[in-house]
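What follows is a set of structures to go through.
You will see chain A twice below: alongside chain B first, and alongside chain C after that.
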Partner chain A sequence: MSRHGKSEKAFVRLTRSERVQHAIMFVSTTLLIITGFMLMGERSAVDLLGAAGKTIFYWRGIVHRIAAAAVTAVCFYHLYYVMFKADGKSWFRDMLPKPRDLVDAYQNVMYMLGLRKERPRLDRFTYLEKLEYFSVYFGMFIVISTGAMMWTQSYWPKFYLDVADALHLGEATLAALAIIVGHIFAVHYNPHVYPMNRAFIDGKISETLMKEEHSLWYERIIAEEASKPANGAVGGRGNA
Partner chain B sequence: MHKGGIAGAPKKFFVHLTMAIIFILLAAFSAWLLWLTYFRDASQSEEALAKRAVPRREMVYEPFHGAGESVLEGGKSQSWCLKCHKDYSHSKSKEVRGILNAHSFFMACEVCHIVPKEGERFEYKWLQRGSNLTLTELKGKPGDYGGTIVPFRAEKGVAKRLDENASAGPLLDEAVAANLLPDDTGKNEGNGDLRKLKDRLNTEIHKDLSAKPVFCGQCHKENGMLDFTRLLYSPERAQRLEFGDGATIIKQYKEFYLPTLHDARSHQ
Partner chain C sequence: MCHKYPGLGRYEIDAKKRVVKRVFYVNEDLHQASYHGKLNCSDCHEGVDKIPHTGAKKVDCGKSCHVIEPSTGKVFSHKAIVEDLKKSTHGVEGSLSKNKDDLPACRDCHANKPYQLGFQGQAKSMAFLQVCHQCHEEQAWAERFFRHVTYRASIRRPSADVVKLCSKCHANPGIMARHKLDVIAGFQDTYHAKAIQYGDVEVANCLNCHAPYALGFSPHRITSKRNKKSPTNADNKRATCSQSGCHVNATKEFATGSKVHISPVKVAHLMEESEESADAARNREIFQAKVLHWIKLFYQILIAAVIGGLGGHRLLDLYATHRDSKKEGALR
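Presenting the complex of A and B:
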């Protein structure tokens, strides 16, 4: 029910590889959150399930590990992607924080407080998206390393495992809240795209949304298009 | 356009309803996470938390010798050795004294400290604490069945308890009367009579004891010194005592040690 029409010009927001990475990340993270926080439930609730409770918790551990392996694999692939693939390099280059992000953040807060008339003109990735992206690096480093420790617990001192357990739970809680509040609500419940930002499915972003949320990027692409020969296709990640 | 508008209304409603349900679920889950993090455990005791916790890592942390349960209640085996050696009689080796003292809670010292001679086989029985009646079944939890394992030796057709020493008994009474025991810290060294009494007592009490006691692996193995089934253990428990975690550890590790904070084996 996006207010952006289907016939409108669209731009590539996510390549197929990025969408696959996102899909694996989405499925495995959802499974990790569910199977991980099952451990924070109440014993009485598990006891109510009787013998099925034991079976469920047996599979809980296996599913958690499979999902963990998948998310770890996709993280390592993403590192390879941003280091060696052209689209990945472009992604990472545009994702790097710049001084302008601070200005954008300030201006956006002023706009949201009603102290500024216009939204700041944002580039391909906004300061919030950059923050979210790099917080995933931090979070993944914590949960993967501590999760690996707990998976191989017989090789670690109990003291280390207790610390790893606390860090794993803390980061998982933070990440789950960040995904729900900072990502799902901000991306899909955002009035500009509600009820869903379809970029994670078809990889496209509408021209209207480009102008509203990534106007600098939009102008850059349009300028690139204009500078190309008339019969040439739009290269890179521009027009879809 | 008009037709599309009519058909689109229910669809729109369905989408809004779905999004609203997802919103409520996600918001509820977020609230639960915040409650878990900041409020749930705030006023709960450790015991309550442990009771409430769902099963995790139980394969690793299940103790194989009931550590921390029965031993802390010590002093019930009524072995007269304990009058001098106290409840926690094994103190020399920090590495294994916990396990040894756990055993002395339900075993007479003589089970390990009088070793059968070549070809000889003692009879071991559970005697009820207090009454000394022979137990016919084991009730309670491992390590605390309300009785003590006592060795018997057949002498002239009569089963003689090896944890009793008739000749040492009067000497022991004499020593107790002279305030020599249980805490003789050398204060009576200058008293010749007491010195002699102590020497006689030492000799008499320890005369049957073996220089080398029975070690873990001599019992915790198949066809070991103790027949666990005859000792009233269930077949499953007997098998666990012969082949279970503890028995396996005994077979694998000949050297015991105390772990440190940074030791990977500290929780095994």
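Presenting the complex of A and C:
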């Protein structure tokens, strides 16, 4: 358990749709990373598989394609979600980078270095979360387009496929490392949430963590609640 | 007679003045089980009727044997294959290399090894052999004939072995330099090579593209891509890629857009060559290699920057949190 008690007030961090999107993304990305990097494995490691290698290799390709199709579907759904759904629209609006993010980043680094007394007060999405989120757009554009090319390889000139292969590998390496160094740290090893930020399961964020990490957002919600006293749901988006 | 004694052998000085060990011991059981188990020593080794064998000649794989080839009733010989090889890129006549000294001979690829069937194949053949024995009295003959057929019906050399065999010369920079050829370093990075590594038997090995039986070629008739009829000639590559149910929809661009196995060594060579020899194909190859290099470099820099930045930020965060918790503790 994190040091934030269960009994305190909680806010909605992720809606049900967002959690389902995350779950599909999480499972398929994990599968994609494993089955993809199996092609880059050390020879000696592959030799250990022995006679089973052939079957494993066969399924490797199939699993990679199924997971790729799932992740592509989620990406397109997410685009629909942020364009046409109320929750999605507010999500995207809050996610858009603002000049304020640069100030936040600068102030936070100064604080961490001990050159500033207090952390900057952050809104719903921190500058790192925004960076991570839009990196996924860039990354997905690269891996989905190059992956689709390799899936339909017979129709492309070989050199385009070489380029697609190089981009696919480079982007996959970047994404895999970013997930490990960036995302897993943020949601597991971050001392505020260790051992795990449970938002991806129950979608909730505690009041303490809200105040610590998203104080501007917290104040916004409290103000909204105050102006609409009839709204009984916890959180700012009405569907807990 | 003498050759049944293990240890029979001697040290010799070969043509290149190196000391080599020659073993003259022949294990009779192994010989019996081998491809040539039915042949007598003198069928291949000519001039050995006197002891000591002063008149012994080098074995000529193209000579006629005393075996009758059953389909024609003629005396059997590997002569046709020897002739094929001679005319191929690996042979004295067909080779485009000025250096004809170290072209491969039969024995560089073939050993007179015992038939090796897979475990399952062996179990099946042993049961099936009983059927053969009903009519064919001579058991050893029946077994050899049976193995001759079943062995060829299965994959004789797994792809990994084919790659290893070709690499004996084609991955040797010394030999390749003598023939002004390129080492096949790039093959290991291809999808074909990765699949072979995992033991996939469907995927193409060297011979499936350079000597496809399906297109009327054989490993003994490999030709340079400069030969118009070669399966690796630009005009024929589409057919080569789409044979045997592989890349059935292959377009000409897919087959000829770039090298199947790109070699960084070759590109380095091309770039060193003088400007006068510049031609479109060479420039295209250099350009393609550069593009791939730029992509790699771009991602190396991006990964170093992003992961370094993220990691640094996270570490700094840990440090700050640690510092704060100490401060909090001191206040209490």
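Rule of thumb we're sticking to: the second predicted complex is superposed on the first by the 227 of 240 C-alpha atoms of A that agree within 3 Å, B and C clash if a C-alpha of one lies under 4 Å from a C-alpha of the other, contacts with A are read in each partner's own complex, and residues count from 1 in each chain.
Note that in this section a residue touches a chain if its C-beta (ideal position, glycine included) is under 8 Å from a C-beta of that chain, and two chains touch if they have at least 3 such contacts.
Here the structure is a predicted model, which is why all the values come from computation and not from measurement.
If you put the two complexes together on chain A, you find that chain B and chain C bump into each other. The larger set of touched chain A residues comes from C, when the choice is between chain B and chain C. By the touch criterion defined above, A:177 lies against chain B and chain C together after alignment on the C-alpha atoms of chain A. Judged by the touch definition given at the top, the superposed model places A:57 against both chain B and chain C.
Of the two partner chains placed around the shared chain by superposition, chain B and chain C are both touched by A:157. Applying the stated contact rule after C-alpha superposition, one finds that A:167 touches chain C and leaves chain B untouched. Look at A:195: by the touch rule set out above, it reaches chain B but stays clear of chain C. Contacts of A:112 after superposition: chain C is touched, whereas chain B is not reached. After overlaying the two complexes on the shared chain, residue contacts for A:128 are found with chain C alone; chain B is out of touch. In the superposed model, A:44 makes contact with chain B only, not with chain C.
Annotation: chain C segment clashing with chain B after superposition, chosen from 39-47, 111-119, 129-137 or 219-227, is 219-227.
Shared contact residues of chain A with chain B and chain C: 39, 43, 46, 54, 57, 153-161, 173, 177, 181, 185, 189. Taken together, the chain A residues at the contact with chain C in this complex read 39, 43, 46-47, 49, 51, 53-54, 56-58, 60, 109, 111-114, 128, 135, 153-163, 166-167, 169-171, 173-174, 177-178, 181-182, 185-186, 189-192. Looking at the complex, you find that chain A touches chain B at residues 1, 37-44, 46, 54, 57, 153-161, 173, 176-177, 180-181, 184-185, 189, 194-195.
Those residues of chain C whose C-beta lies close enough to touch chain A in the complex are 191, 194-195, 197-201, 247-251, 253-260, 262, 288, 291-292, 295-296, 298-299, 302-303, 306-307, 310-311, 313-314, 316-321, 323, 325.
Against chain A, in their complex, chain B makes its touches with residues 12, 15-16, 18-19, 23, 26, 29-30, 33-34, 36-37, 51-57, 60, 259-268.
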